[in-house]
Amino acid sequence: MINFSLFGAGRIGTLHAANIAASHPRARLSYVYDLDPAAAAAIAGKYGAAVAPSVDAALGDARVDAVLIASPTNTHVELITAAARAGKAVLCEKPIDLDIERVERCRRDIAGAGVAIQIGFNRRFDRSHRAVRDSDVGAIELLIITSRDPGPPPHSYVKVSGGLFRDMTIHDFDLARFILRDDPIEEVFATGSALADPALAKLGDVDTAMVVMRAASGALVHINNSRRAVYGYDQRVELFGAKGMVQSENLRPSSLRRYDGGATDAKDPLLNFFIERYQQSYLDELHAFIDAVANKQQPAVGFDDGRCALILADAALESMRGGRSVRVNLASRAV
Amino acid sequence: MINFSLFGAGRIGTLHAANIAASHPRARLSYVYDLDPAAAAAIAGKYGAAVAPSVDAALGDARVDAVLIASPTNTHVELITAAARAGKAVLCEKPIDLDIERVERCRRDIAGAGVAIQIGFNRRFDRSHRAVRDSDVGAIELLIITSRDPGPPPHSYVKVSGGLFRDMTIHDFDLARFILRDDPIEEVFATGSALADPALAKLGDVDTAMVVMRAASGALVHINNSRRAVYGYDQRVELFGAKGMVQSENLRPSSLRRYDGGATDAKDPLLNFFIERYQQSYLDELHAFIDAVANKQQPAVGFDDGRCALILADAALESMRGGRSVRVNLASRAV
Amino acid sequence: MINFSLFGAGRIGTLHAANIAASHPRARLSYVYDLDPAAAAAIAGKYGAAVAPSVDAALGDARVDAVLIASPTNTHVELITAAARAGKAVLCEKPIDLDIERVERCRRDIAGAGVAIQIGFNRRFDRSHRAVRDSDVGAIELLIITSRDPGPPPHSYVKVSGGLFRDMTIHDFDLARFILRDDPIEEVFATGSALADPALAKLGDVDTAMVVMRAASGALVHINNSRRAVYGYDQRVELFGAKGMVQSENLRPSSLRRYDGGATDAKDPLLNFFIERYQQSYLDELHAFIDAVANKQQPAVGFDDGRCALILADAALESMRGGRSVRVNLASRAV
Amino acid sequence: MINFSLFGAGRIGTLHAANIAASHPRARLSYVYDLDPAAAAAIAGKYGAAVAPSVDAALGDARVDAVLIASPTNTHVELITAAARAGKAVLCEKPIDLDIERVERCRRDIAGAGVAIQIGFNRRFDRSHRAVRDSDVGAIELLIITSRDPGPPPHSYVKVSGGLFRDMTIHDFDLARFILRDDPIEEVFATGSALADPALAKLGDVDTAMVVMRAASGALVHINNSRRAVYGYDQRVELFGAKGMVQSENLRPSSLRRYDGGATDAKDPLLNFFIERYQQSYLDELHAFIDAVANKQQPAVGFDDGRCALILADAALESMRGGRSVRVNLASRAV
């Protein structure tokens, strides 16, 4: 049995708590910690867990095997470090941090701790995206990731988000690395506009973006993002190679098609947002983590994947600001 | 060069005239005949043909090789017979006639004339329906034909149409025979309702129908018809066998897909009606006829195909009226 | 908390046990009974339930609220009756029985017991099929149900199955009634062949069938069945009415599409069989039952729905044997 | 009646000749000129035209209204200039030339000639791409053009092609301008690799490319190209805006879908290449030109469209070589 302490009782923490408590026969939710004890109590009460009075309390119980970090981004590094030092396995939501220097320092701090650390790039566990990766298209030549949110976030969120590339595109950067496997990205070009919400420009952010990247093999990657797609959460991947092409298409709540005087073949709007679209991948991500912990293996998505995604996001930001492509060396920054 | 006399200057005659005059390097429109000389003159003038003052005039010119019969159904038998006796090849719109006895008599009358006679079952030439027939699905087990018109015809037409089965379903009966190849249909069950236009019931007709047929091999055929599909002219074929399934799907004016807050994947409404949907198949039908005439071969869709389709339509009507399946022997009625 | 006794520890009983034990916060598996105690023990051990030494023991515990009957068909009537008399709510797999007389007798025997009885027509809970029912297509005119199994069952199963219509088509009969709502089916025509496994003919059964039915409104229903679809479990519903059409399409394990030199747009084969295809509907069916029991309401799919589906299956069999359509009066047989 | 002189009797000239001679009631092919008189004679003989002994002869006949230039690219400027000076309307295949300076000079040379000049960007006439442009998606935010050839050209062609951007992507640059309407592109980033045919690198060319462009409004454009798509000629357009998204999807020879043990929903491979895919758009392009000439109007796709597409291609090449985005001012270079 794997006993979890959960940090963060917000929306994503609530989702993880339900998954821990209800989906896996070997998982149990032991503690919930949140700055807001009422929020922690609401989750804890539902699943028979205890409210932890402090981080230390949630980490100090020897029966706790793993922690799930779903607290605000600026607490991640500290919690990862504390958990690793306490010998607990870690499943931490993305991003590790918005500051690559802090990420590098964290990396050094936890080196040798010998605990499993998994970063919450849940899209790697989406069965359709994963099927893209597992498909044989021959040598990869073009990868196109379309990733559009249903609606823009509030400005209060934008201000602490690190900007589009570090907050939203970071998933796509990771997905690109996942699909390219051992072909490292070497060059990044990005540009963006504030079109859905022009006021974002004053915050130094964009809501519409395009990225082009080159991998060492010469394979090319395109990402396009929007913060506002009126037809729902648009999540597609297209992989093209010497032997053909595969696409991971959007999902919908049902397989219904409608025909009337205005249209034919019409499907429902897309699943609203990530909670709905990636419901199964959150579950599969958790199960993969539990299996890794139970079998004392390294998780498939590790700390370094979080670090590399942030490096790419930083390069995109630098490219957009400088109007030129930026070279990255994902390998050389390793400690 | 194949010179044509055209009988009938209505909508379908106009279409055929354009195809004869503009699409095939070896075809020429020589005469047009219609009870309404002005209608004939309109077509003749456009394509450099002569208005024939009589049927005999249109058939009497030795330079005429072929006739295209697009006049009202009740004139078909007489025109086919006269053309055959005059030694002209015939392409006659469906149905041959509404009365199987008249069809049988015509058959005897033209036996030995030695001319090519093709019946206008143009759907046999539709490239998608034809691809269904040419697909290898193993032994055929289920065939499902969906055939729905965009809107009901006027009562004046219904009264002389011979009813849904002889007017509309007759295309589907022929398509079923085309796809089943040499596996003869032996049993027919049909039922229908007047739902789109309940007043049809007083005319003894229906606008909504379902048919089930058995072939000698045990293969089963379903046809469903409606006289009113608000999303356009719905023409689909599904063929299922031991090795898989193929479907001929609907066509649309463009490949556009639309996504908005109400729907995703929405395509345009279907092509409005047979003129638009089967534009290419009318052309291909004509070219096949011209090739048969030029090469002195029998056309692929012959008089007997028109006769068999009518026998199936009659059986469907008898089945609907009697509430039981009706056995047919398509072979035994041959002269 | 709703405590369940489970009768039957076979494949479908195992599925229901997992759903009871793992999916609903208010459900608990208390007893498992099977003629094979080892099978019962395997399930009971997994979910902390007790093996019941007898039916009476599983029904006699006052803490048991509900029974789930997943035992062989010929035990259903006896178990429904015993459970109803013991005051337990019942969720019984389809069919109630293969003999309509036994069903009618059971109906009289349990009249007045006042317990919730739900029949396991799980397809009513499929979200896509349900979306068809909930769609506004105007007055219903045509309903087409395609239902094909991936492969034929063994002859040992066929012999006790009651034949294709009572074993397989019965789901489609119920689905037709579900979608037609209060428009009763009045007439049934059916025909069939043994094509996938010709040896079935010697057992008096078919594996390929077509049904046409008329409802009181004049709406027409078509069902086509096959016991062997090489591309997977084919489950589709098409509903056509005065205002348009909706279709419930097949589901697949992922949204992947493939393009190569042989094909484009290719999707994965269909989900293999009912366990995979209707995984969610089994869950939703159970939750609906639990809610009905908890709220002391009648379930949405009752005993009479099981009775009516069997009447339609019997009529189909009679029609196929007699070569004519058979009239049914679903209302008049009520006790 | 519009009389045409055709320059160039190669593959594309043959296509245009057939369209001129067979598709439009007001068009006639009068002269054919080619350096290879036999090639010219083959076309001329088929359509009753004369073989012109020289360019001057083909331009000197006062009955000639228009010229269609389908000769090698390096002859375009000279022929456009000569035709314009002779007062003939011009439909010239793309590109105008590979050297922007020669294009600018040509522009000055023909200024004031007062003849209609249309450049052969036939994709503007594709009904699906055009439907994208005509769709209301609100303010345009993202435009994604996928354009992949079925197979790489021979090196002999590559050497004189001007490179991928000026030869192949130029169509996509024009299509982007067509869809963006009066929102000018201001910035171009491009990168590419030689993956399908690595030997291209020695020729200084690529076969795999990605482009990102910014328009004045902030709208972003992505183009991806490959010289080798094993599943056929892949031509798609996706337009995303404030009110939704539209896509122009690929076309296929039929609407057939196949289902078997390996795949479901499989369609035919895509139409092989531009001759097949854009068959209708070549026709529609010609008809638009004829109408413009007949009505003494400027064609919809003019000389300046050819010039602007070349400027974008040049910018892409410069960007790829320099590793940075390149600003363009499409308006300022006007004479």
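Which chain is which? They are A, B, C and D, in the order written, and residues in each are numbered from 1.
Throughout what follows, a contact is a pair of C-beta atoms (placed from the backbone, for glycine too) under 8 Å apart; a residue touches a chain by one contact, two chains touch by 3 or more.
What you are looking at is a predicted structure, and each value in this text was computed from that prediction instead of being measured.
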Interface numbering overlap (same over half, different under half) for chain C and chain D: same
Identity of the chain that, by mean CA position, is farthest from chain C: D
Chain B and chain D, separation of their C-alpha mean positions in angstrom: 41
Inter-chain centre distance, chain A versus chain B - centres from mean C-alpha coordinates, in Å: 58
Per-residue multi-chain contacts in chain B, two or more chains: 230-231, 243-245, 250, 257-261
Chain C-touching residues of chain B, taken from the complex the two chains share: 139, 141-142, 144, 146, 148, 187, 189, 191-196, 208-212, 214, 217-220, 222, 224, 226, 228-231, 234, 240, 242-245, 323-325
Chain B-facing residues of chain A, complex: 230-232, 250, 252, 257-270
Chain B to chain D touching residues, read off their complex: 22, 127-128, 131-132, 135, 243-251, 253-261
